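One chain, chain A, appears in both complexes that follow, with chain B as partner in the first and chain C in the second.
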Partner chain A sequence: MFLRWFLYFILILFASYFIFPLYVMVVTSLKTMEEIRQGTLLSWPSGLNLESWAVAWGGRGYGAGDTFLRPYFWNSIKMVVPAVFFSTFIGAMTGYVLTKWRFKGDQWVFLFLLFGCFIPFQAILLPMARTLGVLGISNSVIGLVLVHTVYGIPFTTLFFRNYYISVPTELVKAARIDGAGFFKIFFKILLPISAPIIVVTVIWQFTQIWNDFLFGSTFSFGEAAPIQVALNNMVLSSTSVKEYNVDMASAIIAGIPTLIVYVLAGKYFIRGLTSGAVKG
Partner chain B sequence: MKTLKIEELSKNFGSTEVLKKINLEIDEGNFLVLLGPSGCGKSTLLNIIAGLETINEGDVFIDDYNVSKVEPKDRNIAMVFQSYALYPSMNVKENMIFGLKQAKTSKEKIQEQLEKVSKFLQVDQLLERKPSQLSGGQRQRVAIGRALVREPRIFLFDEPLSNLDAKLRVEMRREIKKLHQQLKTTVVYVTHDQTEAMSLGTNIAIMNHGVIQQNDTPEKIYNKPSNTFVADFIGSPSMNLIKGILKENSGDLLFTVSGSNLEIPIKDYDFKDKSNLNNKEVFFGIRPEHIFFKKFNESDFEINLRADLSEYIGHEQIMTFDYANQEVLAKFPSTIKIDLGKETKLYFDLTQTSLFDAQTEERI
Partner chain C sequence: MFRWLEKNLPKIVMAPAVGLIGWFVYGFVLWTLYISFTNSKILPKYELWGFGQYEKLWASRKWLISVDNLLIFTALFLIFCVVIGIILAIFLDQKIRAEGLLRTIYLYPMALSFIVTGTAWKWILNPTLGIQKMFRDWGFENFTFDWLVDREMAIYTIVIAGVWQSAGFVMALFLAGLRSVEDEIVKAAKIDGASLFTVYWKILLPMMRPVFFTSFVILVHISIKSYDLIVALTQGGPGISTTMPALYMTQTAFHKSQVGLSAASAMMMFMAVAAVIIPYLYSELRRENAR
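Right, the complex of A and B next:
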């Protein structure tokens, strides 16, 4: 009995520890500046004051120096959707080839791809900047899509390769005898059973790309910047009073999409990470 | 015209030689079993026949047409796999007609084939189910159905019963046998189970280390094994191989073991080559089931051996005897009582013996 209560105590303690920052953020974002100046960080807001959310999303409506998230939010969406799609698709294809169409030296290809997972972001900044310059897509959303796709392929390949290696190769043999070709086998046989690993990959890639600051701040500025860069500019470059309520609202807005993805796909996430073999 | 002919076929993975100059022929309607221990190359050979594996040397002919470089789908074959390999995302019907759809068969023909085969295999009630909703036996049936609808020239089976439990395996074995009797399609069947091989095959090719050791009817394989590997591989317990010397004594041939006064006369043995038999080192082979506890035939040879061990397995018992410090196993009904540690009178059926050269291990 005591053990049970002790267990709950510990669990609640840790849960509070994790939920606490979020509580402060939400509460602060709903307060007016007067309330915040009173310094009562933990107190409940006087009312449902959504003004700071409106400012964070749509600005105050005056011209110069008014930074707000809306355009950058769409920049990020335009960047994250194609980047996640292409990196996942290419990863699935590569994983399929590396497991089901083995060729001489395929382990080496896989090994070099794995290196990609361990190269620090900073190391590729300069070569990548040069590449984007030559291609004429620096400071553009397309450029960021390319960077994130390329940088995501090692991870997505690793995921799909490890998933497909547990799919019996006899499936591919049977399909070949049935007359299906390379692409047909991929789209008709393997892709329909890949839902768990697709979910894992999409969550992983979405989180990585949406939350990325380094590539965004290096390869884009001004209007082409993704939301994390805009958030930074907003919070750090305000010239007058620090508006904590707007800052908090902005930070939450920037975090919401990843939360949505986790909530929608979360239950598949664990299933996908732990599942392997296709039984039957 | 041979339905399937394999000529001088060699295959290696890197520096490992998997198949060495294989020659094989199958007549129309025959059931050929490729039998051997794991790693002997039998599955590779089957994959090569299917076109799923490339060839390093040699050729494969189907109906006298060289298919060595032909795609699997164009070889007019169908294959059943050990893991069934049913497409998990498709239901039974889609699984069965996938191949026909790929071949752009007409809708009417597909429907006709599907109905015929699914009735025949009694899976017509399962057509809408996914593979994951089927039992092992049903999955195997569907896998066979998927092969049947294509009406192939040759069926290839890759250990199709290994994933089933013992009882179901025996049932499915009989069904495959019936299937072959009704359809009379040529079959190549890979297994490591000798009972399956014996009961199904019209021909058995025993393989070891990438070489076919013997390709014969089940009766010949059992009665006249061509070398000690085949003799040892077939039968449970396997054939007793007693090492000794042949002695010629005033026209009669005797098998003796040095340091022992036991002698077995070799009469009416069908030697391949009758010369140079005196003092030849040989293995004398006799199966446990050809050693009796009382005289059944006039020609049975009486011998006294010490009983060392008895293994009771229900319907019979396996006795181990000492033959000049070599173990000899015999199979008796479990109702016979034999005292351990004592000399026992046994009878060898000399019409059922085999002799192998001790050096080459080949039948003589």
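Right, the complex of A and C next:
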């Protein structure tokens, strides 16, 4: 009995360690600066004061130096949606070929793609910056879509390949004898049973791309920046008095889309994590 | 023509992915490697210059500090993540009430970006209004916790935030590993009179070798690539006391415009990752082929 209590004690102790920063973020975002100076990290806000949220999202309404997240939030959406779509689609196709239309040396092709999951992106930053410049899409959302699509392919291929490998090849063979072609087999046989892996892949790619900072901060600045870059700039800007409540509201706004996905589809999130979490 | 097309359709569909990865991963890494052997400053130069950049790199105090920090960070990050992850996994494995909720809480930091969590930790750890003030207000008037602004200690704040972010992930890996073990083994051991502690220590944990290995690889990989968290928490400061290789590389490339030198640092990171990943991929493939 004592052991059980001890178990629960430790588990709850750790749970409070994990929940502590989130709690602090939320209560701080609801306080006024006056309350922040007088209270402690843990103290409860006096009321539901949403002003810092409004400032974080839409600014104060005066011109220069008024940075707020709304436009960058939309930048991130415009970047994430096409990048997730393209990388998932390409991954599904390559995963399909690698398992159902096998050819000589396909294992090497898979390994060739898989290695892309592991490279430290510092090793490609310099040539990428130049390439985007040459293509005329540096500092643009389109450039980031390209970058995230390309570097997502190794992961999406891995996911689909590992999923399709457990689909019986007999199904495909039978369909081929019946005269079904490459695309027909994909759309009629594989796609209908792909829902779980599509969910895993989309969640994984969405989380990775939404949370990316390295590419965003290297290849974009100013108006084209995604939300993580904007958040960092906002927090670091030392032009005025530090407003921790606005900082915390901004951080929550930047984190809430992935947090919602996590809460709604945690199972799929964890599946992606355990099979693809080689990315930092 | 049509027949040829039909026959080669799978390869044609593969071509874009292979081409993109070939160009953007392999081609780019080779380009970086080449540039690391040149004397490139703001613009790349293509005449070879030998190992000069590597000599410069390993003579640079900032780079040596980065490597030192990386070693400290990696060691502590690994130990704490694995220990906390295993404890949580084993405890959660005891038919705990509200297991789902607890798991969700332990793992949610993984869904957030390091910029978001770094912002939160920076606020919590700041000496004027953060934890230090909280304890002082509670009556511990001499309580001091100013690691964030202390040159010697700032690196440990990055460990705190990094462990907080990733320990739940190790927990998930181990929990999945423990759950995949047959109940029979545990039951048999208990019938033989083994205590719960012995069951875990002598039987289950040794069976988790592959999980240890996977966690090790992933955590080392995360730590070599650490960039966002440092930017959000300390920006490498105070001074340069918390610089790490990834930060060194981007600063050298984009603030100091020392393209050749930064390429050399990127290649050092690349080799460090390769040293961990290639044995891992090799063993994974062998396992798959054995199946």
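Structural remarks
Criterion: the second predicted complex is superposed on the first by the 264 of 280 C-alpha atoms of A that agree within 3 Å, B and C clash if a C-alpha of one lies under 4 Å from a C-alpha of the other, contacts with A are read in each partner's own complex, and residues count from 1 in each chain.
Here is the rule we use: a contact is a pair of C-beta atoms (placed from the backbone, for glycine too) under 8 Å apart; a residue touches a chain by one contact, two chains touch by 3 or more.
Just so it is clear, the model here is predicted, and its values are computed rather than measured.
Of the two partners chain B and chain C, more residues of chain A are touched by C.
In the superposition on chain A, A:I142 contacts neither chain B nor chain C. Judged by the touch definition given at the top, the superposed model places A:I77 against neither chain B nor chain C. Applying the stated contact rule after C-alpha superposition, one finds that A:L42 touches chain C and leaves chain B untouched.
278, 280 are the residues of chain A that lie in the contact sets of both chain B and chain C, per the superposition on chain A.
Taken together, the chain B residues at the contact with chain A in this complex read 47, 50-52, 71-73, 77-79, 81-89, 98-99, 102-103, 130-132, 134, 139, 146, 158. The touching residues of chain A, when paired with chain B in their complex, are 168, 170-171, 173-180, 184, 188-189, 192-193, 278-280. Taken in their complex, chain A has these residues touching chain C: 7-8, 10-11, 14-15, 17-22, 24-25, 28, 36-37, 40-42, 90-91, 93-94, 96-98, 101, 103, 109, 111-116, 118-128, 130, 150-151, 153-154, 157, 181-182, 207, 210-214, 217-218, 228, 231-232, 235-236, 244, 247-248, 250-252, 254-255, 258-259, 261-263, 266, 269-270, 273-274, 277-278, 280.
Contact residues on chain C toward chain A in their complex (touch as defined above): 6, 9-11, 13-14, 16-18, 20-22, 24-25, 27-29, 31-32, 35, 44, 84, 87-88, 91-92, 94, 96, 102, 104-117, 119-124, 129-131, 133-134, 137-138, 164, 168-169, 172-173, 176, 217-218, 221-222, 224-228, 231-232, 235, 245-246, 249-250, 253-254, 259, 262-263, 265-267, 269-270, 273-274, 277, 281, 285.
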